[in-house]
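All remarks here apply to the structure that follows.
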Amino acid sequence: MNPETLEASPEALAARVPDGAMVALPPDNSLPSVALAKALIRRGARGLRLLGVPVSGFATDILIGAGCVAEVQTSAVSLGEAGFAPRFTAALKEGRITVRDATCPAIHTMLQAAEKGVPFMPLRGLIGSDILANRPDWRVIDNPFAGGGDPVVLLPALSPDFALIHAAMADREGNVWLGRRRECATIAHAAKATFVTVERLHDGNLLEDERLAPGTISATYISGIALAPRGAQPVALLDEYGVDAGFIAEYARAARTEEGFQAWLARHVTEQHEEALA
Amino acid sequence: MNPETLEASPEALAARVPDGAMVALPPDNSLPSVALAKALIRRGARGLRLLGVPVSGFATDILIGAGCVAEVQTSAVSLGEAGFAPRFTAALKEGRITVRDATCPAIHTMLQAAEKGVPFMPLRGLIGSDILANRPDWRVIDNPFAGGGDPVVLLPALSPDFALIHAAMADREGNVWLGRRRECATIAHAAKATFVTVERLHDGNLLEDERLAPGTISATYISGIALAPRGAQPVALLDEYGVDAGFIAEYARAARTEEGFQAWLARHVTEQHEEALA
Amino acid sequence: MSGPEIKPEERLAATLARLILDPAAPPARHIAVGAASPIPAAACWLVKKSGHPVRLSLLHKRSGNPFTEGSRELFDLTGQGRIDLFFLGGGQIDGQANINLIGTGEWPGTGARFPGSFGSAFMYMMTPRTILFREEHSPRVLVEKVDNISAPGLSAPGVFRRGTAQALVTGRAVFRFDPARGRFALESAHPGEDVASIRAATGFDYDEPAHLPATPDPTPEQLALLRGPVRDEMIETYPEFCARVFGAAEKKDAAA
Amino acid sequence: MSGPEIKPEERLAATLARLILDPAAPPARHIAVGAASPIPAAACWLVKKSGHPVRLSLLHKRSGNPFTEGSRELFDLTGQGRIDLFFLGGGQIDGQANINLIGTGEWPGTGARFPGSFGSAFMYMMTPRTILFREEHSPRVLVEKVDNISAPGLSAPGVFRRGTAQALVTGRAVFRFDPARGRFALESAHPGEDVASIRAATGFDYDEPAHLPATPDPTPEQLALLRGPVRDEMIETYPEFCARVFGAAEKKDAAA
């Protein structure tokens, strides 16, 4: 592995994410790095522009609650069975964040355009939705391959500054295995830098193993890796551990109020870490 | 597996490919079904329009030599270390086939447009190439996201009638495992029907296994499967067997002449099969 | 089995299954079901366990997730025309079958904010059939005109669109949608409801039959399937729903 | 080791390595090498084994193929701007650095047909640096104007392009390309060649220095690397080349 790729901890990766950066996160149960979100909170990150690929969940809500976020671009913010995301909703109401609503395939498409190195990509649908009406950065052209009168939306390429992913394992070359959650590969291809927390290191080269290579992101795209066992919790990691629905429901209850959220944050993010370091 | 998905033999699949169909084939060592190409020759297929994704090799050359092909759309036809593809070259010279030259990423892009259900997709490069000048079906527009004066090529979606792939294994649900050769997944997504020959059947559901799922194409896209052990030979199959360079070199020598090719064909495709049936 | 009483969720699942199998509609060979939709999922399993050869793609099913390109694959599949039927809900649904998953008040939801549009702005237009489903049936949800359009029920001529709403199923009734007229028609009311109670609970205008049928009960065969094989398929993804509707779970939640 | 004699392929590999490391050119952090290119591959391995931190993506390397999206990934990587240097050849190469992989005569190669353009029409324009490499140096290959343009050496103003040819290396000489002038300049001639022999073998016009240097020999260190660690890396992909150039293979061809 490139010597600077393997960092000592999620904190060391978080220190490399500057305030104001555009940070892409996969949704709950699709390999967001909750460990890195917590490390960003602990370092007091400010002004982050979050991108939900294509929707946002637990990690986004705690980053918003902790005051790290200026803008969220996403197709939805939700805690799944635990309901609406309380800190997102409160921050939107109070005007503390800018929300740029999208729709799931549009987010995938903008990243695919960046992955391909093209300035835009078309997408069907969308016409007649107020999402389009509120996205001056999206355009409608007349499909040049039709005889005329076939409007189609063009979406601009989107290249996040950072993708933050939690994967099952990395090898010493810096390759990362995340199995079937291949939208994470597209995020990594589109992002300027990708930081990955992993459960464990893998002996041997993931790309040399025909069974593991298909679920691997090549080290080419990976700028930093840190070990963070259980780093997706409370959300699920493939078949390795499931979602902790009780924990998220408890969070949803606590985070209904600012005070409740701050107490939850102290207990589960700030103090817990200080205890671990002590 | 859907009862009609598993066929008794490659011949049964070949019988379902009508004359004149557009047939997509991956290149040598990227999982073309040579077994299906041979079965198409034995059934006397005519007028096929072959698509090399993105280039063409051994299977294309024998199909052309056997008179099955009317048109080839590809970025190159080559036997790799064994040199030019002799039957392709001869047929082009004699005007027996139409060649539509493309360039590798353009073929991927046209299939990705079909995969996404959009009428076109842009691609950088190409401007100034005679490939573009000879493709009236490709268009240049001014990038609507730039201030003007940024020409970019738009390529139309391309949906082959059939994709013919050789994979390592299929399960009884009709899912197919082909590992890291994920361009085959894009071909299957874009094609109207995908026929797959496999080395063997796999017990259990490939999509339920987190280690195998990332290299699996879902049965959703698969219209027919047949067992064909060593069905990629003489080209390679992942880590299961390598390319038989000597066999291909011998083919390249034999196929320099029409007579040499016909003798090769009788020995390796027609008679061999009759012996196996006897 | 949890006993003979028919739960409202069971009736809704059977109602959705009947709409899925509607012989007048285009065939539903492949149905996708979103994450937070246990009743539509139950309806799809009921169709499948009744012996109909339908392919189900259940989003966020942890085991046997059908997608290997991540969540992008659902939208690509739909773009390809391979998904025949999808379910959508809405914080608001209006009489032209527009849905609002954004929020009330000014954009982007200065009144009540909903989670967001998910893939609706694409799925609604690219799927031949959509069944709108929302248990809450009130003037707050079923409005004359949505405050914000996540996905439109109707499109201008020339705009590419494969289909729109087939029907709207709520906790009180079933409506059919006629895209030519841009208008719902009440088809049946669930037990306990009548013409007047539906009218009072609905914020948009709609057509009404001279005689309003009751939404049928699930058949005993359907109930047996729901409480047996359907529950078994759903328990991993929706443990709380299965416990509440179908009775005590026999399998353990894999995530517990 | 196969002995002290310097093979032409070894000189070419060392020459390409020197061009890769040219401090005046943009950095080559990630180089991709096409399938049928053993000499450029040897040059890249020589750079890497000399201790320079370069990432190599070797197409069609059966073991350790770096791509998990199939061959599309090379083009996506290049589109992203992550590939710094690529090698291209040509059935014809002309004085404006246009390359022809299509064929001679009318489109699509009614004279001699070549295999086809591969990814050249994209790679040449999207890579900051391209080294043109063709061992045959004759008026048949190096022509005044190519019959068909697979990929252009120069683009009209406004056409998006990251770079073009840095140099042209043949079995006889090294040329530098000046995109501002659209013209090659002879830089050095390999042993056995001189100003007149190069001029006679070249179909296009080019600039020539007052005193023509000889292309340097590989250093003893470079030869040791080529015949040892470089050969070991290449033997699986290019067994015949390794046997011919570097001497008897110690490893068995995996495909045999």
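Residue numbering begins at 1 within each chain, and the chains themselves are lettered A, B, C and D in the order written.
Throughout what follows, a contact is a pair of C-beta atoms (placed from the backbone, for glycine too) under 8 Å apart; a residue touches a chain by one contact, two chains touch by 3 or more.
The structure displayed is predicted, hence computed values, not measured ones.
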Shortest chain-hopping distance from chain B out to chain C: 1
Greatest separation from chain D - chain, by CA centre: C
Distance between the centres, which are taken as Cα means, of chain D and chain C, whole angstrom: 59
Chain B and chain D, separation of their C-alpha mean positions in angstrom: 29
Chain centre separation (chain A, chain D; CA means) in Å: 40
Sites on chain A at which at least two other chains make contact: 112, 116-118, 123-124, 150, 152, 180, 182, 213-215, 239
Residues of chain D touching at least two other chains: 63, 65, 67-69, 79, 126
Contact graph of the chains (line, ring, star, complete, other): other
In contact (per the touch rule at the top): chain pairs: A-B, A-C, A-D, B-C, B-D
Complex interface listing, chain D residues touching chain B: 35-36, 60, 62-63, 65, 67-72, 75, 79, 101-102, 107-110, 113-126, 148-152, 154-156, 158-160, 240, 253-256
For the chain B and chain D complex, residues of the former touching the latter: 27, 29-30, 54-55, 74-78, 80-81, 84-85, 89, 92-93, 99, 101-106, 108, 112, 123-132, 134, 149-152, 180-184, 186, 236, 239, 242-245
Chain A contact footprint on chain D (complex, rising order): 30, 53, 55, 57, 63-69, 76-82, 126
In the complex with chain D, residue positions of chain A that touch it: 2, 114-118, 185, 189-190, 205, 207-208, 213-218, 220
Complex contacts: residues of chain B adjacent to chain A: 109, 112, 116-124, 139, 141, 143-146, 150, 152, 154, 156, 179-180, 182, 210-215, 238-239
